[in-house]
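In what follows, subunit A forms one complex with subunit B and a second complex with subunit C.
For the complex of A and B:
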């Protein structure tokens, strides 16, 4: 590639321009724009339907008759559904806190520690990400029954934490990998202990990723159905498990109302995950933190 | 305390948690797959292969093959839908890049059950789509969408599309745009530039996307349950049945193991590339 005279490059360009044919449509933004627009429509139409019909004044999912909030009051006045909402929220908060702490520590360990256990720990951390949820559900059910633990609120929490740790680790490690350890080293040269270096240097640097990972975990746990389905007992059923039994009795506008409310809760968490890093005085976007692109 | 000992402490809580609550339980599934249910319907650990011979019974083989087939179709459709949009955003998104990606991700934070349920409402025999088509006069009698393989695959595509788009988008973002310009000078035609430059450069993202879509799709039982019927049941439905309705845990465990074996090649491939990326993110990016 080296040594191509500038004139040759120029000829190539001109040649390319002259031979513009139908094939150019391949890389023409207009075609891609249309295609992408259609995909966006495909993604949003079902959701628009759910939201729209959650405000329908009649119990129909085919024609919209008028605006009403009766399905929302039905939902919030139903004691079992209201309880399920709080169960889901509590599970998501506890999962978020514990999984974020454990997952962050694991990320730090995986990047900074070089022991012979590191590769094994790395594989162990990655496997849950590629395991179908049903496998995790089945295995959680088996271990609880083997240990004689009755399915309850806490069995759901434990299953959720197990599945969330890896997400936190991947997000936090993405940021950690893009940072060197020079600042920590400098802090320690200046007299900080290793523990202080972690607390005062490493964690503040990682904070945006930790917050983003935590909120992502909250949203994943709040929306989870499969794991909860396998680990829910008689009491304390989270919302998705209730939705599952309700859907099988047919469609109902109350499900639309629940779905819309759940969407608001998860999206609040996700929007916060994207925006909060900025409040920490950083210019980079939370999306980059979440997709692990920054610095890479 | 040595430096190494200090840092390895961080590995301990997560490593132990995953070992005891993830690895050990999966071994339990393997162990129970050789068990049987006694007369009282309790699961007993044993060393029989009966569950595996049952799993490969002509009755169940179609279910296994169907699951693989649906999941493959899902991965291909996700690639066809996802690649162009990832390409558009990465190349032409400009300042709205982050907004466009955020818009893609939003639907996936609507509960999966609710999203699938939305498709049921749209596609049902008396659903929105059929009544709209009738109103316009395109059809007289309703078209049956629900209970067909197309509906189940459609539900899976809708459920997992984002897992295809994000890794491809990330690999396109990592790619140097100058390569495309250089490719234009070398090859001229945009289609050839795409085939010889862009596609090989984003191979890693495509593979990651396919694995991340294929794996959960094989184990999915929500789409087949809500949008399909007995003729479209997948292995996930079968497993779920064994643990709830049929209460035959050893057979359910054996089916889970068989499914995992089918998936292990894909899982290993993904783990290898992920491990490589963790060691050397730049080299794995292919630049």
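For the complex of A and C:
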């Protein structure tokens, strides 16, 4: 021990508590695993309960008696519930396609257009994101009735698209801003017209962000309740609205089965966001765009 | 492989490499304003075919704007741009026979190296087998043949730079525009790429217009340099000319170390400098008594102490600071009255330059009057 300076690397442990450095304590907090475990339990217990009880063999929401798939077959054999599932899927797909196109175009315009209005336009675009959904729902309902538009499948779609555009724009805009505009200029320098530069270079470069944004809006639209509730007319109800109506007449374990299925659909969307760009030979995936791990 | 060496990438249409068969670029009174700000102010320029031409200047001097006007990304507010004799101010970038190497490289991340290099040829509907051949040639030219299937994200900075170069050169443009292409590379790689770029330029014979703020880079690579300042061309000439005979204070200061002494003309061929000394200087004929002039002496032209020869102008001062550079030592000498001169002492085979001076030491500096430049 003699001759070793107390600051030498790797001596912290041997000298015990006194020479224990701040970095040591910071790098290896004692209860990190415990804290993390608790956070994840908190996040996943409700989901786990729903999934577990969706396979319960009895009609109890308190005690699990045995495995069965009867609530799934109940759901699939109920024509109105099945219809609602397909309504929700159709709304989500149409919303995804239209919102992705409009949102991407908006992002390109917001980032590339340099007028004195662009700062204002960039901020205005965020307002749908921070508007309480209940306000958006009520105002959508008011507008539709003022204009004499009968609530229907399409009024739900229109309402969903309005809030989805902002999500798409935020995701695509981030990617676009980090790209800079030299890539398009390079394309034009190499003989591409403005339109070709967008089609052959800009859109392919943005593709992972576009896919991620599209699947995000699919998931958001698919399980949206508040907006759908205000804009659903006499057509078949989307699934979340249908569930809400059903609950008024008592809770059935079928709800758990539906919830589990909806989660599977949303998870599929997320997994697709990860995998789809890889099928196009891309290194980056949509999930990196969503989780902010994207480099330069 | 044989055909690649036998047939180097050459400009189309018999324009051929080499100097002296016509003008590649001509700028006449070209001005560019952004609102109130004049980025480029009425510049005239003529660049012959096959020349390696540099636009050198500090940031904001208008060099990049000039380059972007040549590429077609900016339209001049006034004046005319002629490309091989044809006015091109209104021709969009995709119809101009020029290509650009961007500072950020601007490679297409969704395409591999081959896809990037072939992009321009595909837009011009070049037959498929010719595209393949020319892309292979271009990659060979920049020594990247083995990375044809890599994605830009898998390449190093130097390799990306080469892809950007191949992507532009493969189109055999009349003029290649380079916007600080080596700016993002580390020093050693930059030196190596300077040599390579120059070699490639000689090989393909295409006119290069090279934008840089690095005076050393411009001096070592260019056939001619235009030094720009505040949107105008301060001086245009061969590297030796710009370095040895700067025509104005800005050029003398921007290229090399600035060593300026202010003085007043007080006799035929003599100038009274700020320290009160009268020294000989090669005054131009139109200098009159009482004119204020700047004397500029390059640091390497200044002799110190025992190196001072007969016929030199000399003055004494104290060493204010000493910077050891390895190959030489730079000393700043305080001459009093706020005047300073920088001298460079080379390491030689007989003496090492690092231990001859210390701060505060009294020294004498001297130079031959003909090595001193008079600027007004």
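By our rule, the second predicted complex is superposed on the first by the 251 of 296 C-alpha atoms of A that agree within 3 Å, B and C clash if a C-alpha of one lies under 4 Å from a C-alpha of the other, contacts with A are read in each partner's own complex, and residues count from 1 in each chain.
We take it that a contact is a pair of C-beta atoms (placed from the backbone, for glycine too) under 8 Å apart; a residue touches a chain by one contact, two chains touch by 3 or more.
Source: prediction; values computed, not measured.
J.: Using the overlay on subunit A, decide if subunit B and subunit C clash or can fit next to each other.
T.: These partners fit in the superposed model.
J.: In the overlay, answer first, second, both or neither for which of subunit B and subunit C A:122 touches.
T.: First partner only.
J.: With the two complexes superposed on chain A, say which partner A:262 touches: subunit B (first), subunit C (second), both, or neither.
T.: A:262 sits against subunit B, while subunit C stays out of touch.
J.: Which holds for A:234: it touches subunit B only (first), subunit C only (second), both, or neither?
T.: neither
J.: Looking at the overlay, what does A:189 touch: subunit B (first), subunit C (second), both, or neither?
T.: second
J.: Once the structures are superposed on A, label A:205 by its partner contacts, choosing first (subunit B), second (subunit C), both or neither.
T.: second
J.: For A:180 in the superposed arrangement: first (subunit B), second (subunit C), both or neither?
T.: After superposing on A, A:180 lies in contact with subunit C but is clear of subunit B.
J.: Of the two partners subunit B and subunit C, which one touches more residues belonging to subunit A?
T.: It is B that touches the greater number of subunit A residues.
J.: Just to confirm the geometry: in the superposition, how small does the C-alpha gap between subunit B and subunit C get, in angstrom?
T.: 9
J.: If I apply the document's touch criterion, which positions on subunit A are contacted by subunit B in one structure and by subunit C in the other?
T.: On subunit A, no residue contacts both subunit B in one structure and subunit C in the other.
J.: Considering only the defined contacts, which subunit A positions touch subunit C in the complex?
T.: Going through subunit A, the ones touching subunit C are 180, 182-183, 185-193, 196, 200-201, 204-205, 207, 280, 282-283.
J.: Under the definition above, what is the set of subunit B residues touching subunit A in their complex?
T.: On the subunit B side, the touching residues are 3-4, 6-15, 17-19, 21-26, 28-29, 32, 81-82, 84-85, 87-89, 91-92, 98, 101-107, 109-115, 117-122, 124, 126-128, 131, 158, 161, 166, 169-170, 173-174, 182, 184-186, 188-191, 193-194, 211-212, 215-216, 218-222, 226, 236, 239-240, 243, 249, 252-253, 256, 259-260, 263, 266-267, 270-271, 274-275, 278, 281-282, 285.
J.: Which of the residues in subunit C end up touching subunit A in this complex?
T.: Residues 71-73, 92-95, 98-100, 102-104, 106-111, 119-120, 123-124, 151, 153, 167-168, 171 of subunit C touch subunit A in their complex.
J.: Flag every residue of subunit A that touches subunit B in the complex, lowest number first.
T.: For this pair, the touching residues of subunit A are 1, 9, 12-13, 15-16, 19, 23-24, 26-27, 29, 32-33, 35-36, 39-40, 42-47, 49-50, 53, 61-63, 101-103, 105-106, 108-110, 112-115, 117-119, 121-128, 130-136, 138-143, 146, 158, 161-162, 165-166, 169, 173, 177, 194, 219, 223, 225-226, 230, 240, 243-244, 247, 251, 255, 258-259, 262-263, 266-267, 269-270, 274, 285, 287, 291-293, 296.
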